[in-house]
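Just below sit the structures, each encoded as structure tokens.
Common to both upcoming complexes is chain A, partnered first by chain B, then by chain C.
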Partner chain A sequence: MKIAVLVKEVPDLEVKVGVSDGGTELEVEDRNVLNFFDELAVEEAVRIRESGLAAEVYCVSAGDGRGNEAARRGLAMGADSAFLVDDAVLANADPLTIARTLAALVEREGYDLVLAGKQSTDDESGLVAAMVAELLGIPCVAGVVELELEEGSARVVREQPDGKETLRVPLPAVLTAEKGLNTPRVPQVMGVMKAMKVQVPTVELEELGVEAAPELRPRAYHLPPERPPVKMLEGEPAEAAAELVRRLREEAGVL
Partner chain B sequence: MDFKLTEEQEFFRRSIADAVDRMILPRAAEIDETDEFPWDLWKEFSSLGYLGMRYPEEHGGMAADPVTCMLLYEELGRGSVGFAQSVTMNMLMGTYFLYRFADEAILERCFLPALQGEKVATICFTEDQSGSDIGATRTRAEKVDGGWVLNGTKQWITNGPLADFATVVATTDPSQGVKGLNFFLVEKGTPGFEPGQILEKLGCRGTVTGELVLDNVRVPEENLLGEEVGKGFLYLQEILNEVRCMTGALAIGIARTAIRDAVEYAEKRSAFGRPIGKYQLIRSKFGQMATELEASRLLVHSAASKIGAGENPRMEAMMAKMFSTEMCLNAVDEVTRIYGANGFAKEYGPQRYFRDARFLLYGGGTHEVLLNFMGKQVAGRDWRV
Partner chain C sequence: MSLAERGRRIWVYCEGEGGGYRSASLELLAQARRLAAEGDAEVVEVVAITAEGDGDSETLQGRAHRVLVLTGAELVPYTADSLVAALSAAAEEDEQGLFLFPEGMRAREVLPRLAVRTGGRAVMNAVKLLAEDGELVVTRPVVGGRAYAELLVDEGPWLVAFRPNSFNPDFPADLETEVQSVETDGASSRIEVLEGAGGDVGVVDLAEAQVVVTGGRGMKDPGNLQLLEGLADALNGAVGVSRAVVDAGWAEHAIQVGKSGKTVSPTLYFAFGISGAIHHIMGMDTAKVVVAVNTDPSAPIFEYADYGIVGDALEVLPALTEAIGGNG
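After this line comes the complex of A and B, so read on.
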């Protein structure tokens, strides 16, 4: 079995983010990591290979000047190989363009199963994986917390607000990982060494014959409003509770 | 002259930093509190394979260059310093002389398992009357038929009470001072080799430090780790520079974690209507600490880079160790001030960094000894500025 993992390189969750004057440019500290949910997908893929049910795991990523770090992390965790599409055209790419790129790449390399994170932590669109499935003509189940391979299919569990849903999906399919699927490993030094030395092969967008969808151009950025200072309520619990209710009703207008 | 880390080194640093964040940092306070060696964490961390990284690949290592090793030590210093000390003991001091001089059987039995974390290693220099003054070592090694008999007591031994094997410094001729020193391998279970009193330390807790007693300990000939008798001090020079740089790197790690905590605190803590990070005197502390930290890192990396190039940067390594440690002591002091009274509370990190930092003053030579030596080199024109 060959497993393709779609990965994205995103800013570290603790980076400093600012908006330049005019609100037209986003300034993000240049510290990137493998998207958290994609990490779950890589981990799952490597575990499947380690259990003997798959022979090969490879990661694919597409972006403008981004992806190397994500690919290297995937390799350090145990993926056998990685491929990157690095093109300026992908800078403000519509998720559809990314999906077309990754689908073309995955089609070229071959797959029996495609794993991905349920969404990226930067734009959180959560669209690419489902679009890839559609382009490949295969089913997609998003937000998987449990995955078990069976003959020609996968038994997956998704968490819903009112309970758990178990599905059997024929393979090949696209499955996206939700928190709880596994705990990603801390890469061993051998993996880190291997990833350090590797030159991740880049693939030209042209080679894949992808037609870019119209670019998404952000019109404006706004920082979230400053949180007002915290007010500490004094007094005995009963008094403080009464005061809290008063404020929620009369000042905040939420009760 | 390229001061930048290579892309590979940056990737390596991020990887080890991530491992420290996930595995060690969450346990640091608890390790300090209980002062118990965290065996589970030891096994978990060892399984990552970093313990052997400075040794060649045929031993399961990475043949990592000294600068890359410094990156690891710096990140370890950010986590639990006590734990870092045990790790570095297995990585360097406790295993080096076996790697250098031991026969196949010893390598199989002690060295290779230590690189996997399956055995705990240590090295024994210090005694009651001798630390920096290693020439005053009293632990005696007498030649006997088929081997050696060792007698003496070692103090301040990191991992001592837990160690599966130790590299012991003993003199074959006290009248020779440093020229009488030798390294001997002594394994746990050897009759007469017993752990003594355990030291309760102010900081670097979680690593067990104590006495090791040698009472007519008999070891076979092959346990002399060296080609010739009396060359121990010379052999020590092979790693002394690296050990000093390593200490500097640990100091940088401690300082970094302290300063980062303080940055967060200064954002959240308000006084007189503003976050304290907006006041000049607090900002001045940050400016000063950051500058000194950068300087420390440059010194450590520069010295490490020279070691990697096959040079013997004795002065530079001393400077790196001394400067980084003093920088760290200043930084942890300033950070506790930024925290105000909270810098005095066990609930917060700074008091731990403050306590841990002090221990770095001693290993690799006290600053009084180092400064005396360095000053003599300068004044005696043996070192031109």
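After this line comes the complex of A and C, so read on.
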């Protein structure tokens, strides 16, 4: 069995974010990490290989000058290989273009199972993996918290607002990882050293024969509105609580 | 000229829940009606699209110009495969349509696949839809909510999912509504449900709740989390927790608020004993009114709060529940 893991490089949560040129440009500090949910997907893939149920795990990433960090982290965690699609066309790409790119690449490399994170921590859209499934013509289950491989299928558990449900999905399929699936390993120093030395092969869009969807370029950006300064309520718990209730009713009008 | 040539049609997917429609769908209908009434963006028709078994389509009377009920044996109960097939058949009818979905598991399953089939734009997690200079503009967070992007709804079909509680749900249900039924070609599910979720309808959904009461490590002990429930019950709200509480094994991940948990946007948000790490803020910063209670006056949560109390959550919380119960 061959497992493909879709990985994305995202800005670290603590990066500085600004808006310039009258709101037309977004400036994000260049400090990137492997997406938290993708880390769960890599971990799961490597565990499946370690259990002997899969022979090979590879990571794929697509972006404009981005993805190397994600690919190397995947390798350091134990993926056998990684591929990077690095193309200027991907700078403001619609998620559909990214999905077409990743689908073409995994089609070329072969797969029996595709794993990914349930969403990226920057866009939080969860579009690409499901789009890849549709492009490949295979089913997708998003937000998996338990995964067990069976003969020709996978048994998965996911969270719904009213509890957990258990599903059986035929393979190949795309499954996306939700927090709780596993606890990702911290790569060993040896693994990190090894990953640093690997030359991650880059692929161009043209080689894959991918047609880009029209770019998605926002007309403007803005920062979140600033909240007015906090009103601190003093006194003993009972007094402060009573004052809070009064303010929520009369001032904020939310009770 | 036909309707479609003169303007845009807005389709709202009315998702069923517990025998009725999700309030997150009804607020989208209200916003679509508002845009149509303003006339600025030439919204010529608001269509509620729903599947057999989702809810009683009679209750949508007056809320849309037209209700399109998709029928077919495979649509009940919901499966992603059958709904994708049914909706894409409907979507192909309107190449300039704007299709609105309430955020949630279904939108996450169905919308990306519809986008592949129709070649339309897919946008998740949106928080605003406005008409400006005759154009429709969708706003959504980027870089995890550290900034917002405004997208001009241009050519082709657009499929947009909105975070619950983004719009005022009140709008007069005063339209003459035409109800149509369309038999869809069956598409059976490739996925087999071995064990369904509990279907516990008594629980207020965290993502849609108007009031969210959350607790962090300042709750000190898992047994104290029931104090959160006391206040949530008094306000018909839902309980959430911080990542630290989940990681400590005090509560299930399903009720975690924050980056690796749920994003909530309630009218009123309480944070008890939560310091306010960026991870947490990213899951609640669009809440309208925020109340924070923490023993540490310099806790970052106070920077995001409208009202703050420096004190022990375990003392303030019962006092607050009592104050609300006493005056309610």
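As a working rule, the second predicted complex is superposed on the first by the 254 of 255 C-alpha atoms of A that agree within 3 Å, B and C clash if a C-alpha of one lies under 4 Å from a C-alpha of the other, contacts with A are read in each partner's own complex, and residues count from 1 in each chain.
What we mean here is this: a residue touches a chain if its C-beta (ideal position, glycine included) is under 8 Å from a C-beta of that chain, and two chains touch if they have at least 3 such contacts.
In this text the structure is predicted, and so the values were computed from the model without any measurement.
Asker: Once chain A from each complex is brought into register, does chain C clash with chain B or fit beside it?
Answerer: On the superposed model, which is not a single observed complex, chain B and chain C fit side by side.
Asker: Quick one: is A:Leu233 in contact with chain B, with chain C, with both, or with neither? Answer first, second, both or neither.
Answerer: The second partner, chain C, only.
Asker: As a test of reading the superposition: which chain, chain B or chain C, is in touch with more residues of chain A?
Answerer: Chain A has more residues touched by C than by the other partner.
Asker: Given the touch rule stated above, what does A:Met196 touch, chain B (first), chain C (second), both, or neither?
Answerer: A:Met196: touches chain B, not chain C.
Asker: Examine A:Leu53 and indicate which partner it touches, taking first as chain B and second as chain C; both and neither are also allowed.
Answerer: Neither partner.
Asker: Just checking: does A:Pro139 make contact with chain B only, chain C only, both, or neither of them? Give me first, second, both or neither.
Answerer: The answer is second: A:Pro139 touches chain C but not chain B.
Asker: Considering only touches as defined above, state whether A:Ala91 meets chain B (first), chain C (second), both or neither.
Answerer: So A:Ala91 meets neither chain B nor chain C here.
Asker: Minimum C-alpha distance between chain B and chain C after superposition, to be given in whole Å.
Answerer: 6
Asker: Which positions of chain B touch chain A when the two form their complex?
Answerer: By the definition above, chain B touches chain A via 8, 11-12, 14-16, 18-19, 22-23, 47-50, 53, 62.
Asker: Which residues, counting only chain A, touch chain C once they are in their complex?
Answerer: Touch list, chain A to chain C: 11, 13-15, 17, 19, 26, 28, 36-37, 94-96, 99, 121-128, 130-131, 133-135, 139-143, 145, 155, 159-170, 178-180, 213, 216, 218-224, 227-228, 230-233, 237-238, 240-242, 244-245, 247-248, 252, 254-255.
Asker: Looking at the complex, which residues from chain A come into contact with chain B?
Answerer: 69, 72, 76, 186-190, 192-193, 195-197
Asker: Give the list of chain C residues in touch with chain A in this complex.
Answerer: Touch residues, chain C against chain A: 80-81, 104-105, 108-109, 111-113, 115-117, 119, 121-125, 137, 141-152, 190-201, 203, 205-207, 235, 253-254, 256, 259-261, 263, 267-268, 278-279, 282, 285, 288-292, 302-312, 315-316, 319-320, 322-324, 327.
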